């Protein structure tokens, strides 16, 4: 439930509404610029407008989508700007770039990759330490050692870090080593994980599930927001369709649609979106042109030797070229890089 | 890796092979009737045939699918029969029926439903206590109380129980109250949960994810098997496609295909497969005709008041009619009910 | 627009309504048992209820679905029974079986196949003479010679014939040689072809397009019906999804859903539905259990030498086994074969 | 089959190869810059390399994809540039823009639209005269009158024309009135129509079917090419998936993938790709950034009154803004508008 107050509502009137809501056991989050907007929520319950019937100063009471409220444009009309650290902000004028290996494999490799992507202008080093793999017999990641190596390599080159968390028990370590915690596509509806990350102090990047509709994706983000963490990045990485020429079908229209329904920033991942190195560059350009706030790509110094996802990893020279190309496209849509 | 021994291999030769494998840090599971078949596995590693080069008595070494071995037909040619308790076996001559509410709502309701489905011949009472819901504001289940009420109702009417587990911390309670633990469709690739249930002593029913291919489903089952739990039921409940006339597209061909690739029994869930009460009966019949070993359906005494999934819940008279109809179809394919 | 007359409406009142409609340039088709039901239609126009405002004897005026009327259950509540010739009726108690090669290849082969399927109890010989092929370099069919050979082989063994028509110019020859004309999946929305077959005197079997929703399929049938041909068989043959373990995803739920929305009979084609010989039998059984009125399968005496679709063609012994199995399932759902 | 000659092969050697091929009943098309490349084709047949065994001067014989040859990059490495008339070329430096109403409705409306799009810089006026509609009761187009009005409006404002052809009988009129003939998505595998347009002297724009893979799309283009018409534009307009937030899922990755496999230019249609006016602009920008050679959009002076597709039609001011925005993006990828 969203309550929009009159433009001239007094703080006393706002307080009366907030009190009525909290007395009934719900939480309230306050938003709005010209007028106060109150987002009412509480896991497992649906607050009814009757709750505040008869109170004064209320302009409008609405339910913004059956599944999400706090992340909706109705609740917050202006874009969210998520501060990641080091002055890097996603959702503002600047396009942010996250790059790195699919998995952290060893110290030397992650360092060489970090050096290459930092030199080309990336802001954040990505790299998996806990890997969700289709087969139990595939490489499952280095665990804490991977997180440690990622952090070391990032610090050595002035980068922030992002890495995937697969279960609640990994959160404390990941919070220690990473600036942003990633929820992978397969876990988009792992509601336990969503709730736990809703209690984290770190920004969370939520990848869209391969069979998730836009609204299910936003409802998953709402799980995080409703547990108290408003710092959420959405990440489009392709959906599953009948087409096999690409690993997934990169649904770029999801960027403007998500941004029209939600105030959250959107990251685009053309590496998973296409699965083919050669097509990552044009799709990175297209994502920026469609309005993406950040790009995440896989980069490896020796893609043919990568333990996972080698076919979609860029080489450092390709990454450098990508940076030059998306800088031009960003400028064409009035953004910087 | 799968090692097929010569028909006349001695126990000493088998022991030599097993020793070579275990010394290298892998696990071995033994199968086979006329000849010994050894399944070699170990999470995160891929055993190489070189491991046993030069040993005698070996007829054939193969890799049965890149993603699954223990659950493959190559490893175990005969059908698995999973004993659930009370003499109820899935995968044998008898078709097994699981029925009950989507969620356990209150004592009286679950009791009335249990009575109705037991009278009509069901074997297992289903009912959710922990509910994965798209929206954080939807009913999330009663938790332990739900499990307790489910067990009470089942015991009162001679039924076994099945309920969904959403995270590892819920496993001990679920093991206490339930005969079978269910992994929901959204958690099919929650690898942490798969591994933990691989260590459970209870049979596990693994629902197919809405965007999962057959092989990804079997690879998920392999996670469970490779952690030591061979008692796995596969459950087809529909995949996500462009068609909106049904809630999901019930992929009945998955039944014969899964059974040709794996020895595991397959359960069919026409309630989620169609999402529409009227279509559950014909699709339950079709599932039996296609070779399903068990049927799971939602039944509610007052579907219009159900807290979740009312539109797809059968009334007790419809369930009774379904039982009569699938009994006839089961007989036509030489099975009992 | 559908007009339901009062139960006791006089013929004069009916005539007044019909006259008002036809004067406005629309066509009327009459249906109904206890009461007269008038289906109002006319390509390219949407008749408005105002047309008959003020006339007496009218119980109800409705628009049955935006896209189809004549083929809807609202217009005709009882099942259509389509007479194909030789006393073979689709849509009644008897399940009808259509079998034969994908393409007619040569006289001897089609004869041997006809003999085999007739002996096992098939009613109709199928075989393509005009083949829609993805590649311009694949075998495109024998044309009229194929139709002639099909007819000869069918006549020699007491069978009816069905063959695909790809364009209006092929209709006269196909009408000459065939009892039923087939519209292939790729042509489901070839509206020119639909209209021309709407003027044919032969029954038409309309295959569902690989990306067509239920309602688009029924709207395509409405094109045929609205041009004057009510003898339409719907044929489910699988839709295109992400799953590649089968050639298509055989959407068996479409059978009960189509039958709930339309009075037309439904044929199921498990050969295209699965694309794999081994899975045709269980899915033929499942289709009958789900309520299919007829089964169409591909049969070849030497599948490995077939010019097209060999992998999904049954051998004669497999077809014989299928007939025995679906006879049992048909009996279980109170139908004969 | 594609035959690549040695760089220094003599004309006599080339002639020998050509003769061997044509004597066997196949057609040859010649391509190549540094060295001669011969595309061998013939509907319904697959030429075997044995045909030219023993001849001299041949460097390499290959089969470029099972389904297409003439449209493949293997046959013609350089981009095709298709001349449409008035000096407008698709596939070169300049991005081309096609705009206009979904259907031609009346003289005044099409004229106002033509004036608006010409003023904003469009090159080609689009507008349907023959409309493929899901329902037989929807507006079916004005037929020849529509083509006439489209031509008049285009001529009055210096534009070329494009319109859809639904069946072979419409080709002569369409050739008379239009510079480019369009094959709609539903007809992508209407092989009769493809072959007839393969004999047309006009360039053909082939829309991708909603369930067509990349390779099926190129195979459909091959039908046109193999009948003699090399002037083909591919048009991506979205595929059908589970996502309903947009009318189709606009598969922009198809642009770089199609261009890597084929030398044909690619047009992008963000109007059908998204189905929502607000999202057309960002997706038009994205399409240019991904490498599209042309953009096709629907524009209407009064979208809310349009007889079809009003929700996705841009208003003239939105179209003007789109032109400014895609001009900037085109410059960023080194192209003009």
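Per-chain numbering from 1; labels A, B, C and D assigned in written order.
The rule is simple: a contact is a pair of C-beta atoms (placed from the backbone, for glycine too) under 8 Å apart; a residue touches a chain by one contact, two chains touch by 3 or more.
Being a predicted model, the structure only gives us computed values, none of them experimental.
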Set of chains whose contacts include both subunit D and subunit B
A, C
By Cα centroid distance, the chain farthest from subunit D is B
Please tell me whether A-D or A-C has the greater number of C-beta pairs in contact.
A-D
Between subunit A and subunit D, tell me the centre distance in angstrom, where each centre is the average of that chain's C-alpha atoms.
37
What's the distance between the Cα centroids of subunit C and subunit D, rounded to whole Å?
33
Using mean CA coordinates as chain centres, what's the gap between subunit A and subunit C in Å?
49
Overlap residues in subunit C, where contacts from two or more other chains coincide
211, 240-242, 244
Please output the residues of subunit C touching subunit D within their complex, sorted ascending.
41-46, 66-69, 132-140, 166-168, 186-187, 189-192, 209-211, 216, 219, 222-223, 226, 240
Across the complex, what residues on subunit C touch subunit A?
240-242, 244
Residue ranges of subunit C in contact with subunit B within the complex:
211, 213-215, 239, 241-246, 249-257, 260, 273-274, 276, 278-279, 282-283, 285-291, 325, 328-329, 331-333
